[in-house]
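Next come the structures, one after another.
Each of the next two complexes has chain A plus one other chain: chain B in the first, chain C in the second.
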Partner chain A sequence: MNVQVENHDKVLVAKVEGRVDSSNSQDFERQLQGAIGEDVKAVVIDLGQLAYISSAGLRVVLLVAKTLGQRNVSISLCALSDPVQSVFEISGFNRIIQIYDTQADALAAAG
Partner chain B sequence: MGDRDRPDYKILVVDDEPDLERLVRQRMRRQIRKGKYGFEFAGNGVEALEVLTEKKDIDIVLSDINMPKMDGLTLLQQIPEVNSDLRSVIVSAYGDMENIRTAMNRGAFDFVTKPIDFTDLEVTIERTLRHLDEWRAALASRDKLVAIQNELDVATKIQQSILPDKFPHVDGCEVYGCMHAARNVGGDFFDVINLDAGRIGLAVADVSDKGVPAALFMMSSRTLLKGAAVGVEDPGAVLREVNDLLNETNDAAMFVTVFYGVYDPSTRELTFSNGGHNPPLVVHPDGSSEELELTGGLALGAIPGFEYGQARIRLSPGDLVVFFTDGVTEAINVSNEEFGLESLQSLFGDGRTPAAREAAEMILQAVQDFAGEAPQFDDLTCMTLRVADE
Partner chain C sequence: MSATLQLRIPNRIEELSGVSEAVETLGQEERWEQDVTYAIVLSLEEVATNVVRHGGGEPGSGEIEIEVTSSDDEVRVEVRDGGRAFDPFHEAPEPDLDAGVEERKIGGLGVHFVKVLMDETAYSREGGRNHVTMVKRRS
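Our next item is the complex of A and B:
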């Protein structure tokens, strides 16, 4: 698992690669929370290179979404592979977190 | 240093030579003044044991061998009974290999020879203290590991203690559930709840994350679900109530996926609401199977005020419903392949569906056979409902 961060103006794009499960979800949380600075106004999490996410990983996404929600910072996900998309659909998280097909779509909406 | 009353290390000098105390205080005056070493003195082994009994913070015993009442070699044998968290350094006559050998065999850490060379003594003391520090650090991290292990054992016990081990005997159907917990976790649970008019509440759930917090979250989820199930009719309303209660105190953003259904044997109807859980599989006597629809739900604990939908199907005689957690379908073998839904479906052939218990045990066995030597990361939970044959 690896998180790479790019800044597009005040929109933070975090690209997550590999697998996120209970063995590395704490590390995932640290990397993600650590990347989000004070002056960010939107966060886009690009899951294009994410092979697998377990419920422990979903918890981190939910935690970050809740924390950002309290700060009025928008959060969205993009480029989900079919298996990852299905995890978000079954858990119902696609109903509470905005998901876009591509990073460009997510950035346009966040812009 | 820091605390002037408490030196960094305390050394007990045991010798029947009365001049030694004055000599040590004089030669070690700088270390004493800096607060590095503090010294205690005893005239023989018996006095030394009295000091060690009274003062538990001695780090080093520096002892002569030949003394009245109790000699240094006997003292070495007695020390561990009074204090095992110190190291002994023996003072012997030059070339007295026999006593030195005996002392080392009795647990002395090092030795110095008479007449005492104080430069050499200081080197020996420093070396002994370094060793003692490392030893204490190793002990501390071992204690921490033991504490973590105990915590995980608690999680496992909480998880196991709440699972039903008796299943209702109801005309027209049978129910069974089992779980193989992964090492040191607490995530899954299932429940079978007796409702009025012979109906049965069936729940299977999976808490995000592991360990004691997850086990406690699971415990309260299960209790809330049971309470709501008895008082509220519709499965969707049950999940809504549990979700709202779980959201009242949930800073850690934990959540639990729950499938909850109510089966009425008199009509063979299963009414269900899916709170973000992987959908159960309905297996028919001809070996075909399909997943129950998602009901537009959401994992419980995520956000308050969510409205949970529900759906209803009528089962046929001989149908088998398999409720499970994603530990079953996402089990990984040594080649990193997933067990998957298709493997689960392919376990059932044309002909009579297996009995509830037989089916649940067959599924968990198949998953474990598939996983082989690969470590089990997630709990495996399987609950089955089988409608009686006509």
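Our next item is the complex of A and C:
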């Protein structure tokens, strides 16, 4: 698992690669929380290269969404593969976090 | 075609990525569909994580026995452990799928995934051991 960060003005894009499971979800949380600076206005998490995520990883996504919500920073996800998309649908997270087909769509919405 | 994978691991979270790799290799050999592989690997991780977290005792003090049997029709997963009696399908909290980000509680999702993704689930307590069975049909 690896998190790569890019800044597009005040929109932070975090690209997650590999697998997020119960054995590395704490590391995932540290990398993600550590990447989010004070002056961001939106966060886009690009899951295009994410092969696998379990409830341990979803827990981290929810924690980050809660933290950002308290700061009025928007969060969205993009480029989910079919299996990852279905996990987000089964969890109901697709109803509480915006999901876009592509990073370009997510960036356009984050403006 | 039929094949069985048997694993015996210490009850530690760090052991679980090796389990996932072994199960994925079996899935490749047995030509599972992508959604079957994801369902099996995910369900096994969620159940084994529950065993480690709720089984009691120090991590590494007990063992988890895992058996995955692949046939043409189905994949059957059995998990046995000697920890505290715990029926994940009835004792784990139900997640509130309709709650918003602020209200949404963390937890309970793993067992929910298993219930949705697997075709059959069962729990029994036999001879002081927990026994979880999960079946995923291949068609």
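Everything below uses one rule, namely that the second predicted complex is superposed on the first by the 111 of 111 C-alpha atoms of A that agree within 3 Å, B and C clash if a C-alpha of one lies under 4 Å from a C-alpha of the other, contacts with A are read in each partner's own complex, and residues count from 1 in each chain.
Everything below uses one rule, namely that a contact is a pair of C-beta atoms (placed from the backbone, for glycine too) under 8 Å apart; a residue touches a chain by one contact, two chains touch by 3 or more.
Small disclaimer: the values here were computed from a predicted structure and weren't measured.
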item	value
Touched partner set for A:S54, first chain B, second chain C, both or neither	both
Dominant contact partner of chain A by residue count, chain C or chain B	C
First (chain B), second (chain C), both or neither touched by A:I96	both
Residues of chain A that lie at the interface with chain B and also at the interface with chain C	21-23, 54-56, 58-59, 62-63, 66, 90-92, 95-96
In the complex, chain C residues that touch chain A	13-14, 16-17, 20, 34-35, 38, 41-42, 45-46, 49, 95, 97-102, 104, 106-107, 109-110, 112-113, 116-117
Complex contact set, residues of chain B against chain A	185, 187, 206-210, 252-255, 257, 275-279, 294, 296-299, 302-303, 326, 330, 377-378
Parts of chain A lying in touch with chain C, wherever the complex brings them together	19, 21-24, 52, 54-56, 58-59, 62-63, 65-66, 69, 82-83, 86-87, 90-92, 95-97
Complex interface listing, chain A residues touching chain B	21-23, 25, 54-56, 58-59, 62-63, 66, 89-93, 95-96
